[in-house]
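Here the chain labels run A, B, C and D in written order, and each chain numbers its own residues starting at 1.
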């Protein structure tokens, strides 16, 4: 009981951080105030790099939330190392709006390579945090008793592959930034395909 | 149980996003700093377009939250498609403060038509997201066992009508922007009238 | 059960709005960037009107949250009118950071009377919202069965007195703004003294 | 039951404030817009004082959340004094982003002593709030029946030592600001080492 209550507050706190980070993304859309150049339509259309970065990062945080949700769902009880590793994962989440702002502002500039590399590098750190989270769940034996141990090893394998892909995309960003962004989207679709349950019928 | 816990976190995350988006609206009220023109009263009175946009969007997000709340209340368990469709609906919610800011800044300018069209166009996307949400609940058979199937079909019909009205108001906005805004208020009152329960007495 | 779940989401949503509004207050402390005038100490000390407004509004929102918390605690189930009246109360809460910013910026200017009047006028609206909330709880018979009806009438009386005091302080603000602010603090201490329980021993 | 529900809302509200304050830290990273000086890399590297302050304060708020979490976990029921003392603790939490911004902007300036003193002084206030919280839990006999009284006395002792250390670091900040920051990190590691449970095996 005690463990569950502790876990509930960890989830509530994490949900709060995810919800705020995903909502703060909109503040990165910096609308040019005043009627400086052209009509309102042309000014809205000129925001396309911000809109792309906004939608991309929204998808990224949403998938991270789903991943976090499914992972913590396997956990039986909280612990000090879990709280700290979870905090590290949340540090990464709160950093995303900043990396998104830098990406949006430089998507059409000559600094696009640097901006995408920073963006992908953020995910290297984030993926590292999630790998640490999985290691702590395994080593601390925090898994729920009714969860098949094979599942967490499958997740660990998936997370390690994703970590390597992020390292690769950070390198690719310096040469082909838009390819790096496309791979990022593909990785999230892969992350959504990781199953956290042994079979579709056991979800009730 | 497992399904309920998953649904609880989806609700908690969604409530967080709704709460933040509705509170961020106030940041769109850009008060002219310093004593540039006239006294404080005249500067406060000059904020009326911001206040109207603030109250209007507050009402919009509140009704969206009530709608979301009543809809998810009918659901038995969460699923991956439901999480993604819900994320799309939340993407729309987080975009509202931005559309509100554009509306407020242009309510008294010659660009008012464009600003209202963007505002109404945002609701076309949002209504699309809610229609997808209903389709996923129906197709994924996620409805609670004790819920009359007729209710979800009635809701689907209502949501489809609302979608068409938003498309119409977006077109109307280019000609009569203030009529388009008035229709928006009327649609929300209609949305509040949709019943999610078979009879008033079964709520306990 | 159904009513309780609905009430839980209303509380969760409200808690979110209260938590965000109270945290956004700090964003109203506008620190003068760069080393324009004097050292850092003198610039920090020059922020005293912002700090006073910050602490004052923090206390105001905290007491409003406690009041909201104790009031909803008496309620048995949610309803459409309760959701809307609660939304009106939250509209007032989200407006407080704006009124606080105006107050802070004008506390040492000749516009202090107007700024304090706006600040107090905000509480007239908020108190109106809470009076509507109480009326809906009474008229909709939403009170928990085990709650003594006398309690809600005592609360209603208290809320009506507070409403009249806010109207008075708004008028007083034009003549003696700092007295108006002092009365505001006193009213909150009065609000904290309203008992929502028949006797101290029944809280378990 | 009544007491627990009240405590749950206090936790939910607190979790919200912690989550928002920790996420708002990122807004303090003020990126120099436009290509004023050098390429994007040099501009990102120039942000190092902001990144250090961001990571430091993230760690501070995370440890404060863990401490708050473990402390409230020992409490049986809420009370009016507990709500107010908890509000005072949250006031401190919401102030951290401001102190962090001042710290980051002055980390490389001649005002670094003043900025670090303000930063450490904030923790003196915060530690004071947590000491009051502990006093109220003890004096109001709010401890859970199954909690060993010795634990709360051990926590009180730990909190008092921490308070004195913060007073000392505030003084040290004027002479050796970076030593003061290092002590702050050490204090948080000490805070994490305080045990809130009699033995590691009783957590289930």
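Structural remarks
Definition applied: a residue touches a chain if its C-beta (ideal position, glycine included) is under 8 Å from a C-beta of that chain, and two chains touch if they have at least 3 such contacts.
On a predicted model such as this, the values are computed, not experimentally measured, just so you know.
Two copies of one sequence, subunit C and subunit D, touch each other mainly through non-matching residues, since under half of the numbers at the interface are common to both. Relative orientation of subunit B and subunit C, expressed as the C-alpha superposition rotation angle, is 90° to the nearest 5.
Between the Cα centres of subunit A and subunit D there is a gap of 25 Å. Chain geometry summary: the mean Cα position of subunit B and that of subunit D are 36 Å apart. Touching two or more other chains at once are residues 12, 15-16, 19-20, 24, 27 of subunit B.
Against subunit D, in their complex, subunit A makes its touches with residues 1-3, 5-6, 9, 12-13, 15-17, 19-21, 24, 27, 77, 80, 83-84, 87, 90-91, 94-95, 97-98, 101-102, 105-106, 109, 111, 114-115, 118.
The touching residues of subunit D, when paired with subunit A in their complex, are 11-12, 15-16, 18-20, 22-27, 29, 31, 33, 35, 39-41, 44, 54-55, 58-59, 62, 65-66, 69, 73, 192, 203-204.
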